[in-house]
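Heads up, the next two complexes both have chain A, just with different partners, chain B and then chain C.
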Partner chain A sequence: MKKGFIRYSLAMMALAGLLSGCAQGNGQSSEGANNTSGAKTEGTSAAGGEGTVKIAVAGPMTGDNSEYGIGFTNAAKLMADQWNAQGGVLGKQIEIVPYDDKNTSEEATTIAQKIVSDGDISGIIGHFSSGVCMTAAPIYQENKIIEISPSASHPDYSKIGNYIFRNNTVISKEGAASVDIAVHDLKKKNIGIISIMTDWGTNTSGIIKDLITGLNDPNVKVVAHEEVMEGSDDYTPAITKLNEAGADVVICCGMYNLVAPVAKQYKNINPDISIVGFSNAYSQQLIQLGGQAVEGVCFPVIFFSESDDADVKAYVDEYKKVYGNSPSALTSQAYDSVGILLTAMKEAGTTDSEKVRDKLNEITYKGVTGNIKFNEQGDVDKQFNKVTIKDGKFVKMN
Partner chain B sequence: MTNTRMEKHSFLYQFEIFISKNQKLLLILLAAFLCLLPKGVNNQYFLTVIVKMAIYAMFGLGLNILTGYTGLVSLGHAGFVAIGAYTASLCAVRLGLNFFPSMLLGMVVAGLVGILLGLPTLRLTGTYLSIVTLGFGEIIKMIAMNWSPVTNGTLGVKNIPKPAVFGMKLTIANYGLYYLVIIILAVCTVFCLVLVKSKTGRALQAIKGDELASVMMGINVTYYKILAFVLSACICAAAGALYATLIGYVDPNTFNFDVSTLILSIVILGGMGTIRGMFLGAAILIALPEVSRFLMVYRFVLYGVILVVMMRFRPQGILGWKSQLPYKLSRQVMERLKTAETEEAGDNG
Partner chain C sequence: MIAQQIFNGLALGMGYALIAVGYSLVFGILRLVNFSHGSVYAFGAQMAMVFIGLRFGVIPGLIASMVLTGVLGVAIDKLALEPLRKKKSIPIASLITTIGISNIVTNLLIVAFGSEKRAFPPLFDFGTLQIGKIVVSSTQIGMFVVSLILMLLLVGIVFYTKIGLAMRAAEQNPKAANLMGINVNFVISFTFFLSGISASIAGSLVGSYYQIVYPNMGFMAGLKAFAAAVLGGIGSLPGAIIGGLIVGVSESMAATVLGSTYRDSMAFIILIIVLIVRPNGLFGKKGITKV
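Entry: the complex of A and B
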């Protein structure tokens, strides 16, 4: 009895400690929020006094898409370190604050509320998928905080407001590039589509279909479209259907974890099939997973790490030196997003959101993923490189 | 010294006596605290977390009717949450209905589905039932994913309007959403308290204790089991509707298996078959990932460790003690008992 009581009271004490600790933390942050709202009217943000300029990186740091979130953080830190080495921005050091949203809307909302309430974050790089971005973006817009997503591709995302930017091409542009590869470079007529059942997959496959109808070429047509669950191991049923429909090229609307197994399983059924992917399949993992089967898979990318450009080379070498692997396209877009945000702050001479936003709309930034110039909507337009896999390496298509 | 006398001196006994003596005062204090809380903290993030806790406490209360009181473990309650959230948000977005009728519709649909799920699972107990409910959760997710004309498929439902009362929008910023959630939570809690004390509640607890014995006592097990499914579904659907309007966006992946396990964890951690436990369970399991945000990738490891430690030392849940006070029968029952006694005495005389 006595033992039980001691155990019980210990548990309660631990709990009380936990709760009071939590309450304290929140109390402090609420003070912070009050301070900023007071200071905002004076034109400079609270971060203007002393200390650091804080930039948040929000993305999936754990779970299925953790590769992207961690890549964003790594890239952002690399860019911040380079600026810090030269004295930071506005005379202050830059601090990257990572937030894990697990790529869920629920977490993203909470994080957005936290960032807004804390009030010391000068800009957000992130949220990974379009759906998650579009849940968080209204909160940032409402509170006038700049969000630059390195990965959102849904057309509606940047329409949410004038503080919402993306450093990624809209999916219709990328889709056009993929269709271009299939129809003009590979000269195929019967197109099969295999897409993952996520908002991105559904949206992308719809756009591809529209694009092909828009070609107005009676010979080119979509022969079949199959939707599959992301992360299942066996795609053979869908592949068999595509094959029976007579597809000679398959456009894979999915990430590397779809493209690699589909390539493997399709080539067992039809060794002559051509496969076209998207830039989010551009990852070293694709070659590791797919091996021989992904030879000849083509896709459009904005950023190509084997490029001859001196700036890109320097960046890729630096990234490899620090993190041990080469940066992916989206990671590099996160790198550039931090770059353009800091440049805008430097030129505006403040971290005040409104002025930085105006600057962001004005400047053209030369980054490793090409020249970045936001249009009125907050979108960018970039050139695609066409890449294919040859002898276990990514090479540019001719 | 008998065991019962020792119990009387226990901390728990004193505590419960204290609570029941000062019940009214404590309730008023709690209500005042909850009313003043948003003004006191004035922090959107903190309020969002509190609202999330309240919504998860409602999920807990819903599942608790089924798992805690009737002894049927469900691993698919995210399905009911999804039905509530989808029905309410689709009504609001497509038909332009106000939040409250939408929420009611969500509850009705979830209740009907609860009957459908309850019927075939009557013959199942234990693990088998859990597997069926697990499948149910996945089926609902698949329907939401594939029934595109209605649910908008994988693209989900966007821009779910916030509830409005007399033209005033209730948001986190103007504290409206907070008060709404707290009021609905209070209604749910009172409902659960009344339910547990009622004939229905006793029947459910009897079924949990021993199904065969309950049949012998004349309890219609079929009826009460389905009723438990329906009530549980309705509460979860109501909370689901609130959840959808809080987040503003639902898609099939919002209601995956993780949500089902989280709800079950709340019930088990807090204390199965108690109402107080749901609040503590939700508070801990929602606050923990927020408090430990700085741990980044390790924060869900901590979460797991805490669950394991709790299960090792308090398998009945943190607040899962059995009440030390004598069971109080309701006034109605006492009266009926009295009349029965006097009648009996009259018959004898």
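Entry: the complex of A and C
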């Protein structure tokens, strides 16, 4: 049996490798089929591949985080369609090329190398999680290709080089907003932290701890911190520990697929718990999955789809019309990322990376996620809205 | 806290136990580790979600999912495994085939439903019960009761019915069983049907416990349940239940004592220790080497 088990394990590994190969093609084809609006841009490329400006969207199109990658692609195509309707950029049509990295560093490296060796991609929107971005970014930097991540928030990401940008706030800013909600808006003192075990999660929880120490308030303290595996579904052991430690608010460092089950399982044990998340939990899925349990969950967001701003409204309506659901915050940041990249190309009058990069550093772009102005690091600064869930809807906190 | 954590672990372990039963069932007859079981489990859970969502009502929805998942089990056997048996191919070929099927089923589910997590209705939602300092939810009790009933039923089928006798005969010697007038292929398909049904029950229960289902849910759970089945002695149904509970409790304890970081490795550490001490698992029979 023992010998057999080793054999089985080897076989499993070999097959897991094979699977990742197959699933990629799979994901890309279904991606194309899913998006009606994609047909237009893809049609253009078939007509004349030379006459298009290609922008790659790299993110998880399959796997656990696929809704983000698909959201990025949808948003990018929406933006490209709007430009194409007005004649494209530099007299050429814009083509969005999706790449599926499954949110793994291995795939991301392969994709980065493929993009670099193909040489016809003018810029990359992506990747999704900070850790994955940070493995791919050095390849882009070395080959002078512009990467704008709509989602990476790890402080070290944009330090990788001067071709590496992000259209997302650095996590310390967002962390400060989350801590502010927990301590000042909800007036809680005993803070529990639950974080996913990724580069981002570990780093974020560290930042939260530092921020709370930095408050210099003797009453406010972190009572417990638990790290959990993303996607393990069962968080009760961690929750039991947090509850025993006497947490009255839990800061959830993870996406909606962590926040929803944690809220459910926590409220079974302690119905009075308050939960604070981050902007990456802002997704319609959170309400669908969490139902009653996510009522009262609070988090800071940059983009709020129920906003009164006319531009935001027009964009949300258009997105809903084409894809049938409202865009999430990160999706909207992808939308703006494409916008600013195209604007920089237009103003630079070329797709030459160096000139476009200089332009990116100069311009201020008014997008649906606020005014975007990259600093010398390639980071942006944005204003946060505080959002909570009430009666199954996202509403602004007062 | 320790008592609560043990209880959390028991509930988690019941989920593994339910999946492990399916591994043991097929292994008991075919001496084949059916690695597609994890994906069949995810399929069962998705189908239950779909049928309950279609306003079938909870019970008819679950029954529809059980039948359909059972049929999927039979289809897997008929389409992929039976041809291999007929060609008398080496056992490793069937094994690889089941891994392949697992990927096919999972990826087809992703194509059909997308990879995102979806909400699953709670099946036993009667609130929570507090015993001393321990909080027990009705879903946990429901999982316990259903797992026990399922195991008793399966033991009953295998040891006290005619088809069960045929199953055991086919296990001991397929050729001789065939000569005695047993339709071995039918018996095997029936076994796959049973394992499909148990997978669907497991998927629905675990889905309703966490109120989440997604196509990839069977991967890690399937591997851990396999560890549980081997731990209890693969082929033994009570062993699968005990193995599942041990894996669940040790995971929960690992999370408490060492931190949540260590819980995923715990199932396999225990598996290796048990296999060194008792190579046949806790309840495993000493294997008779077949030539």
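What we mean here is this: the second predicted complex is superposed on the first by the 348 of 398 C-alpha atoms of A that agree within 3 Å, B and C clash if a C-alpha of one lies under 4 Å from a C-alpha of the other, contacts with A are read in each partner's own complex, and residues count from 1 in each chain.
Here is the rule we use: a residue touches a chain if its C-beta (ideal position, glycine included) is under 8 Å from a C-beta of that chain, and two chains touch if they have at least 3 such contacts.
It should be emphasised that the depicted structure is a prediction, and the values quoted were computed from it without experimental measurement.
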Which of chain B and chain C A:Thr135 touches, first, second, both or neither: first
Partner chain(s) touched by A:Val116 [first = chain B, second = chain C, both, neither]: first
Contacts of A:Met197 with chain B and chain C, given as first, second, both or neither: both
Touching partner for A:Asp234 - first (chain B), second (chain C), both, neither: second
First (chain B), second (chain C), both or neither touched by A:Gln288: second
Touching partner for A:Ser105 - first (chain B), second (chain C), both, neither: first
Which superposed partner A:Glu67 touches (first chain B, second chain C, both, neither): second
Contacts on chain A seen with chain B and repeated with chain C across the two complexes: 1, 5, 7-8, 11, 15, 18-19, 22, 26, 30, 62, 66, 197
Contact footprint of chain B on chain A as seen in their complex: 1, 5, 7-9, 11, 15, 18-19, 21-22, 25-27, 29-30, 33-34, 61-62, 66, 98-100, 104-106, 109-110, 113-114, 116-118, 131, 134-135, 138, 197-199, 201-203
Residue ranges of chain C in contact with chain A within the complex: 1, 4-5, 8-9, 11-12, 33, 35, 92, 95-96, 99-100, 103, 107, 110-111, 114-119, 128, 135, 137, 210-212, 214, 216-217, 220, 230, 234, 251-252, 255-256, 259-261, 263-264, 275, 279-281, 287
Parts of chain B lying in touch with chain A, wherever the complex brings them together: 6, 10-11, 41-46, 48-49, 52, 145, 153-156, 158, 172, 246-251, 253-254, 283-284, 287, 290-291, 293, 296-297, 299-300, 313-314, 318
Sites on chain A touched by chain C in the complex: 1-2, 5, 7-8, 11-12, 15, 18-19, 22-23, 26, 30, 62-64, 66-67, 197, 226-229, 231-234, 236-238, 240-241, 244, 257, 260-261, 264-265, 268-269, 285, 288-289, 291
